[in-house]
Every structure is written in structure tokens, then in C-alpha cells.
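My questions will all concern the structure given below.
Chain IDs A, B, C, D and E follow the sequence of writing; residue 1 opens each chain.
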Amino acid sequence: MEEGNLDDVAARVGGQISQNRNSRVLTIEPGKLRDACKFLIDEMPDFYHLSTVTGFDEGKTIGVIYHFWKGKEFLSIKTSVPKENAILNSVSDILPASILYEAEVKDLLGVEFKGNRMTLQRLILPDAYPPEAPPPLRKEADPEKIRKMMELE
Amino acid sequence: MVENDASEDSKKGMKVGGALGEMFRTAFQRPITKKYPFGAAQVAERFRGKLDIDPVKCTGCGVCEAVCPASVIQMVHTGTRKVGTREIETKRPTFDLYTCISCGQCVDDCRFEALRLTHEFELATVDKKSLVMDKALKVVN
Amino acid sequence: MDALEVVEILVFPGLTFFVWLAFVFEWLDRKTTARMQGRIGPMLAGPRGILQPVADFFKLTSKEEIVPQFSDKLVFEWGPPFFFAAPAIGTIFIPVVGLNAIVSSPYDLLFILFVLAFSTLMAGMLGYASAGRFSTISIGRLVLQYASFEIPLLLAIVSPAVAAGNLSISGIVQAQSNFHWFVFVVPIGFAVFIVSSLAELEKPPFDIPDAKTEIAAGWMTEFSARPLAYVKLTESLSYVFLSALAASLFLGGTAGPVLTNVTILQDGIYLAYFLIKVFAIGFAIFAIKTALARVRINQAANLFWTVLTPLSLLQLGIVILLR
Amino acid sequence: MSYLTRWSRKRSIWVFPVNAASCNGCDIEILASLTPRYDAERLGVEVVASPRHADVLLVTGTANSMTRGILKKIYEQMPEPRLVVAVGACALGAGVMRGCYNVGHGVDKVIPVNLFIPGCPPRPEAILFGILKLVGEHPRGQVVAKEQIGKVSTTEHEEGEK
Amino acid sequence: MSDKGNNSPISGEEGSAKREVSAGLMQYSPENLMPFGPVHPALHEPEYFKLILEGEVIVDAIPRIGFVHRGIERAAQDRTWIKNIYLFERICGICSFAHSLSYVQAIEGILQFEVPKRARYIRVIVAELERIHSHMLWLGLVGYWTGFDTLFMWIWKDREHVLDLIEAITGNRVHKSYNTISGVRKDLPENISEPIKREMAYIQDRIRYYRDLVSREETLVVRTRGIGKIDAETARKLCPVGPLLRSTGIARDVRTEDPYAAYDEIVPEVKTSSQGDVASLLTLRADEVLESCRLILLALEKMPSGPTKLTAPRSVPKGENAFHVEAPRGELFYYIRSPGGITPERVKIRTPTMANVLTATSMLKGYTLADVPVVLTGMDPCFGCMDRISVFEVDKEKQWSVRGEDLRQYGISHYKTKKL
């Protein structure tokens, strides 16, 4: 295991590592995301397979997790952005596999990924999704209301 | 790790119409088609078909409504009942069977064994409303 | 033209006979394909489902006709009968009872070639007239495919004619009496003819212009109701027509040992020979089309240009030398 | 309507399946009902490649906002008389997807539906039954539970028997 | 003619009237997307791609998925843990068991449950049965897509034997509804081992035949060999999963790398191929079916006795867990956050197809239009997906959507005119 390496990453970008069952979580500042990913790729050339990018509503902030997988464990790089100003720098140029996953997070949670060209248009949200409604996975979104707005009844 | 050896495949050589032999063999065998619309249909013992309720056993506890993942069940007010001096509201479930996914969760959770999944699957109908099962309402007085 | 001739052309052994033969062919096709796949195939319409194609046909004629907005209405509505006419006219040159066809001229084969070209052209026009997207692609493929199989088909047809020294189908059939079948003389030509007719009929592996998993129903996509019924009927009729042509050119058609002098019986024997041979060819085509996957248009073109054309040329050369 | 027309409509049923945001389960079962074990072609069913050729539209799925427009369009392309069969709990009333934000509650809210086949998914036999019902016939068989589980199916089929 | 026909819905007016509809069925028009190809009864999520072109060369491709987006992830947040099993299972009718398996195991992780051993073995059996059914489905569909209907009919005919077993064990052919938190809902039926052994022998026999057929039937091989090639380097970068990845020679399989259920005791052999084209996928999947048959028999042999489930609490403590399983099409990923209660806070699902779409799209770049369908075909799960592509021409501001086949046609004519 490249335990040492991960500590290096943590030391370099200033995050904390916590162990959670089969995954190690590295929590970092949003600004350091690119550094962390870049460092990870450079230092671990046989880098983890990117399983997906998860976004979730934490109340005031929106959490974004990059899940990497190798062998028996996951490595998660987690960061949070404030809801009102949900902007992250995309890592899709250094981690090409993340491009669609980021676009999905953008669609469902409204996090902007700067530099991700797939987020320019909708990826999975329906065309009829009302632009004034909050993104569907935010806590304030009400499925019933959205259904009404899309005239699905 | 086993390599699926493509070179071995290509060694065997190609042919056009490799399926012909099997085709003729099949043509002279009996077709395997089942008789069904013109003969009996066989379903597995565990097959989960249409849901059925035994109105006599149902007590109206409402557990099935709570556990159904497809919102099939609504409890309907059927009247009141005297227990001692108190008036208790009685309810019975109705089932919109057209959205039922036959998962059997309600069957598992009904403690009064009022529900069961039958083997019936011939449910096609021209009238969606006919799939609403409100047997339980009618028995209560 | 006297009354008898009109009856011959329209009823037996002309149009009506061939249309019913086409229905039977269609049914046999579906049934044998189904059996080869382990299924039963149509079984409700008529005994063993033999009326299935008839049911399909009449159902289609009773449906509503839809005319796409941007289509060329004239061609779209009036094209199908003309499309149907091509193989229908072709069939009257084929001897069914006796060794002479209803109509026979010294230049039969030229006319047959014209008929084959015309039906492809008509298909192209129909597809073009319907102005759909799939139709348009399909026509591209159709034309490309036609361009590739035309030459081998032509050469394959010419070989038996050279062998018989005659361009009339009746003449060719007569030349083959006494089991002097041309399939023994021009076997390569026969094979090339079968492969090319698969392409002409748009059957696998050359069902490229109407590959339903790729371009919907190809040039037929926009048709509905009556025009579609004609189109479908024409397809089965072409099926019969090409089988009958193959049987006449290579297997001797109606020719065979004749045992009696009573005209009716004799005609019956001719007819029986003819039907046996046509169905034999039909079954061969059913089997081939069931056993193969569809090739790509460029692969088909390659096959025709680089393999079948030289082969049929070779065959023609051999035949000419033999004579 | 003449006898011939009625007979031919009963015996020749060309279907066009449409996936309106279904989970594939129903679509697979529709496809399976064409395969040798069930062979819907016995009843004169044929899958056609264009809605223009179709008599029956088999709709599966919840008809969400992305697909309902297409569904309407396809329906409009079909020639009369056209029938719509809703297959599966999703098409009947959203099934387990009830209440999700992007599902319609039933295809019959989008286009008129003539026959409903419930089940999640309905087994191929149920689809065959539905088709028979659609043309106004009744099956002869009854449902029996298999005595022997997983029995290799070699049930022969006597042809001509109806 | 019986009278019954009259009240059946099929009786209708004689359709003699002619009707003009607003537009041709598949007219060129920007909004006409037709997300269901003509006959794709068995497709997964319809997708479509926007291509940005410079002349003939594709500079960018933007996929548009979500035609089957229903909002399941959102709905899951309002439903109980148990109800969600049935919900997630119905994300897809093909790997239904893999979905519920991944989900319940993620929960079991948070609950720190030790699932009874027998249940774990049963899960392996059902999961492998599902893999067989899914792979056979795909093999059959390849036949369907290449116009080889006979192959399709045969394979689907034999697939029914697997479905028989699945139905006998779980009660439904497609949506198994068999998993529950802490185990499986019912024990295996009695006397099932005999039928399983018999059917497995049958399937193995048939699959060997089909493997031979697909690798030797020339008309099929010329359509699949060398099509949609990807190399290991690209694959490593874009993280596709499942057979698509393994066909490039990378032997990554969740079952061996991160064993779940009973895969630590029933160890699969990972099959790979180095060709990376559709032809090798055909044989690779056939090999995987054979391997699955072996695993099932092995599991049956080693099957311990005991209970198949425990009583699970209705609420799940606070926590989070990521879990993945090897679905028939590759790694299926679930991430669960529990706020402590009877409903989840967030469930993230990453289906295998989602991971593979990117590989297909990115591979388009630099190719010409003529290559598009060929490349997309190679993307694996199904041929169906290479369907809808919308084309942008950067300078002309023109945009229309075409199907893959149109593009190839366009490409061919393009080359033709160039040559002439």
C-alpha cells in the first residue's frame, strides 16, 4: 500500500486522512483539489481507478467526493463547497475519466466545474427540467413540485 | 488470469454458413415452443403473480401500506367499531394492483397472513380500474 | 389477343397464379425459417398458418393511408402498382405449363434484365419520393448494391443463354429437356445467380438496404396501408419470380420426362416439375438467408466486384469455349 | 366491416415496441416473447421497424418528460386503426417509480391506451395473453405450477391444435 | 367469426381515409432526436452524442444521456432502506440482482453485519446466473444487430433455461427481489441442485458451440473483427469497466480484487483478451459464461447449511460506505450516506454503462465521420447505443441528429467522391 504516499499528499495539500471501513478519506480545501489529484497521479503512476464522483447536499455546503479504487480499498478525496457559490476547478484535464461524472454532479447538484466542457449543456437532466427549480438532489428540491412544473400530470 | 486466445481462434479457419448443420438439425426436431395460449402454462412454484387478500383475516393494521415500495396500498376508512366504551375507527386496505410490482414485501410483513401472492398472471385488461382490488372493504360492516 | 390469352395472363398460369404462389412462398419462408430457429411460426391463420401472408395483405389494405408531408405525392401513391408490375410482367415469360411461356419472344432475356433494373429503380424512386431520412440512406445503399450485383447477375443470366444459343426463356427451357440441365454446364453461373438474386431480393446477407436494426425498414419506412401491401406483395412476387427464373434457366424449368399424351395430365406433370424446382430453389435461398449475418455494404460491393464478377466472366468464357 | 377485414386484423398483428424510459425489464420480456420458447409469431405477431407499418404500439416505461413527446410523435405516425398496449407496472402507473420527479404516472395520460398488461415485468406468457385478449380471443390453457423446478423445457407442441 | 371480435378493441373503422401527417417520420430536423431507434426493444439507456466537427474530423463529442432518467437517486432519499431495495433493483432489468446486491452489502457494511455464510453462497449463485443470462442476452443481441436472427433466436432460446432457474429460485424471471438486508429472502428451493447441475451442463455445451460459431462464421467475423478497437493505454486513462476493459488485456475484476459475498472462497478466473475489438468481446463473454457455470457448480458443491437471513433493524446508524460489485457489464458502484434513521441521506449509483460511455466518446476524437459507428460499436454493452448522434458543423452552425448508420453512409459517399 502506498500509505506513505497518501500521507505525502496530505502533507502537501494540507488535508486530513480518516479511515472509514474499507476507504480512506482525505478531506481537503476546495482550492487544493487539483493539486491533490495531480499529486496522486504523479506519485502513484499506477494510480487508482476512478470509480466515480459523488456529490451530496450537506445542508449549507455541498460535498464532492472523488472515489478511487485499487485492490481491496477505496481512496476518497473529499471537499466541500458552499451552496451559494458552488464552484470547483475541474480535474477533467488531468483525470480524463472524471469528465462525465463531474457533469453529472453539475446537473444534479448545481456545482460548477470550471474547465469541464461537458457541463456546458445538460447531461442527464431532462430538457424540460425547470431552470428556476433547484437542482434535484439539493435538499430544498421538492419532487412533487418539480413534477408539477414539468407538467407530468 | 487466463488469456482468451484469439490466435487460436483464427487458426481454426473461417467458414461461411457455419450454422447450416445445426439449422437443419433444429428444423427436423420438434420445436421447443411451449403450448401456452393453447395449452397449460407452467410457472415456478415460487412465481410471484397477482396479489390476493383474504378479507376475513385482514385486521386493517396498515402495515402493508407502510411497507409497500410502489404505493399500491391505501387504507380506506370503513366505519367505526366499539371496543368497550371507545369508538375505534376501522380501516381496510385497497390495492391499485396495476402498479403492483409483486415484490411480496407486504406479504412478508403482514402478521395476520391475510395476503398472499398467487400464480395468476393473466391480468391483461382493457380497463385499468378493474385492477383495483377492494375486496377487503366489502367484508367489513 | 383472344379471350383465352387474357385468361392465361390474368388467371392461370399468369398473374393470379403467381400471386398465390407468392403468398405460399412467403408462408413457406416464414415457416421454414421458424422451424430452423426451433420455433413454430405462424399457425393461427388458416391450416398451419398458411393464410398468414394473406391476412397480412388484407389487413394492410384495410388500413389508413398516411402520406408524409414532404413526399412526392404522385410517385408515393401511384408508384407501388408500377413497382408491382415489374415482376408481374416478368412472370409471363416463364413457362409454367408446357414448354412455352404465355408470351415468348426471341429477346426475352433482355426484357427480363430490364424488369430487374426497373424494379430496383422503382424501389429507389419510391424511397426517394417518401423523403424520409432512413429512406434516403437506404436508397444510397440500394443503388450501390445494385451497381455491384448487376454485372455478375447479367453475366450469370447470359451464360445459359449462350449455352442454349437462344435468348428466349422458352427456348432455353426446351434446350434443357432430357435432363440436359444447364446447372451441370454452368455451375458457377448458377451459384453466382443465386447469390446475386439474394442481393436483388434484399435478403440476408445482403439485406443492407432494409436492415431493420440499422435503418428501420429502409426505403419502405414511410409506407403504410395499401402502398405497403403492394410493396410487400411485390417483394414476395420477386422472390417467386427469381426462383422461377433460376429454375427455368438452370434446372430445366418445366422440362422433364413426359409420360402421357393426355393434355391435361401432361400439363399437370409440367406444372409439378416446375413447382418442385421452384420450391427447391426457394428452400435453398431460405436456408442461406437464415444461416448468415448481414455484411456491410462495402464488403458486399467487394464480394461482387472482386469475386463474383471475375467468376461469372470465367464461366461465360468457359461456356463460349465449350460451344 | 367485412368478415375478411375483421379476420385479417385478428390474425395479423404488427407491433412496434417503444421504450419510454423503462428499465429494460419489460422490453426484454417483449423480445423474449418472440423467441422460440414463446414464439408470438404463432399468433401472427410480427415486430416491424417503422411505426408506419404497425397496428399495435407496445409501450413500456413511465413516459418521462424526455420521452413523452417522442411517444406522442410515434403515435401520430401510426395509421388507423391503431392500438396501444401499455406493458408493465411502469407504463400503467409508474410502478415502483411512483413519485420520482421525472416520471409520468401512466402512459394513458399521454396517449389513449387500449389494453393494460400489469406485472413487473409481465412474463412473456402474460404478454401473449394480452395479445390474444386484444384481438378478442381466449386462451385454452390454465396456469399450473411446475412440479419439477427448472425442468428442461421439452414440451412439445402439436401443430394445428389450437 | 365469433361475436367476441366485435367488442375487442381491434375492431375499428375501415381505414380508407387518407391522412397527411405533419412531417415525415424521420425528417432532418434539429429537434427530431428519436431516442428509440426503430426496433430496439432490448436497449439500455438510449443515448446520443453531439459531435463537433471541423470539416470531416471530429474535434469533440458530447454525449447526451438521460433519456431514461427518472430521478431514482432523489426518490431514494425519501424512502425507507427496505423499499429502496426494490427501487434500485428496477434501475435496470438486466443486472437487477447486482444492483440490490451492491446496495444491501453497502448497508450491511454500515450495520457491521456478518451475513450468514449460506446466504453469501446463494448470492454468488444468483449473481452468476444473472451474469450468464446477461451475457447470453448480449451475445444474442449481437446476432440481432448484425442481422443474424438465427443466432439471436438460438441463444435466447437457451437463455430461457437460465431464466427458469432464476425463476425457480427467486420467483421472478427479471426482477429477482431476492436480496434483503442481512441475507436473502428465501432459502434455495429443495431439490434445486439437480436441475442446476443439469442446466449448467446444457448451457456449457451450448456456449461452447456458440463460441465456435461466432469465432468462425465469416459473415459475422468480418463485421466484428478489428471494430471498435481500444488499447490498454487508453483504457487505463478512461477507466472503463467490465468486459470492455478486460478485452484490452487488463485483468481487473471486482470479484477477485475486492471479493464480496462468497467470492473469497469461490475464486473466479479472470478471462482477458488482448485484441480489444468486438470480435474478441464475443469470445470473451462466451468464456465468462463458461467460467460462471463453473463457479455455480462450485458454490453448489461447497454450499454450507444454516440460516439465510438475520433480523435486520429498520434503521441504520449514521455512517457512510462505498461498495461495488462486478455486475455483468462491469464495476457497479454504490455510495451510501446514512444520517442515522430509516431513510438514507444520499445514495450514489454509478452504473457500468456510465463508465463506458466516456471511452466510446473520447475515442471518437480525431476520427472522421465515416468511422463513428464503427468506433461506437466497440463500446460494448450493446450495439444499440451507437444510435443517436447529433452533428455540429462548427462553421455552418448547422446541426442535425443522425443515426450511426447514416454517418457511415455519409462517410462512404464522401470517400467515393474523393476518389472519383
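Heads up, the rule we're going with is that a residue touches a chain if its C-beta (ideal position, glycine included) is under 8 Å from a C-beta of that chain, and two chains touch if they have at least 3 such contacts.
Keep in mind it's a predicted model, so treat the numbers as computed, not measured.
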| item | value |
| --- | --- |
| Target chain B, source chain A, minimum contact steps | 2 |
| Intersection of the contact lists for chain B and chain C | D, E |
| Distance in touch steps, counted as few as possible, from chain C out to chain D | 1 |
| Of B-E and D-E, whichever chain pair has more C-beta contact pairs | D-E |
| Farthest-lying chain, centroid of Cα atoms versus that of chain B | C |
| Centroid spacing, where centroids are CA-atom means, of chain A and chain D in whole angstrom | 41 |
| Intercentroid distance (Cα basis), chain D paired with chain B, Å | 17 |
| Chain A-chain E separation of Cα centroids, rounded to whole Å | 25 |
| Sites on chain A at which at least two other chains make contact | 126, 136, 141, 143 |
| Residues of chain E whose C-beta touches two or more other chains | 9, 14-15, 17, 19, 21-22, 25, 38-40, 66, 69, 71, 74-75, 78, 86-87, 90, 150-151, 153-154, 157, 164, 168, 175, 189, 217, 219 |
| Junction residues of chain D - those touching two or more other chains | 5, 7, 9, 35-37, 39, 42-43, 48-50, 52, 55, 64, 66, 77, 79-81, 95-96, 99-103, 114-115, 120, 123, 133-134, 146, 149-151, 153, 157, 162 |
| Each pair of chains that touches, named by its two labels | A-D, A-E, B-C, B-D, B-E, C-D, C-E, D-E |
| Residues on chain D engaged by chain B in the complex (per definition of touch) | 36-39, 42-43, 89, 92-96, 98-99, 106, 108, 113-120, 122-123, 125-126, 128-130, 132-134, 139-146, 149-151, 153-157, 161-162 |
| Partner chain E, residues of chain C touching it in the complex | 33, 36-39, 62-71, 130-134, 137, 140-141, 144, 204-205, 207, 211-217, 221-222, 225, 290-299 |
| Chain A residues touching chain E - in the complex, by the definition given at the top | 20-23, 49-52, 54-57, 65, 67, 69-74, 76, 96-97, 99-101, 104, 108, 117-118, 120-126, 136-137, 141, 143 |
| Touching residues (chain side chain C, partner chain B) in the complex | 32, 34-40, 287-288, 290-292 |
| List of chain E residues in touch with chain C within their complex | 14-28, 37-40, 143-151, 153-154, 157, 217, 219-220, 222-223, 383, 402-403, 405-406, 409, 412-413 |
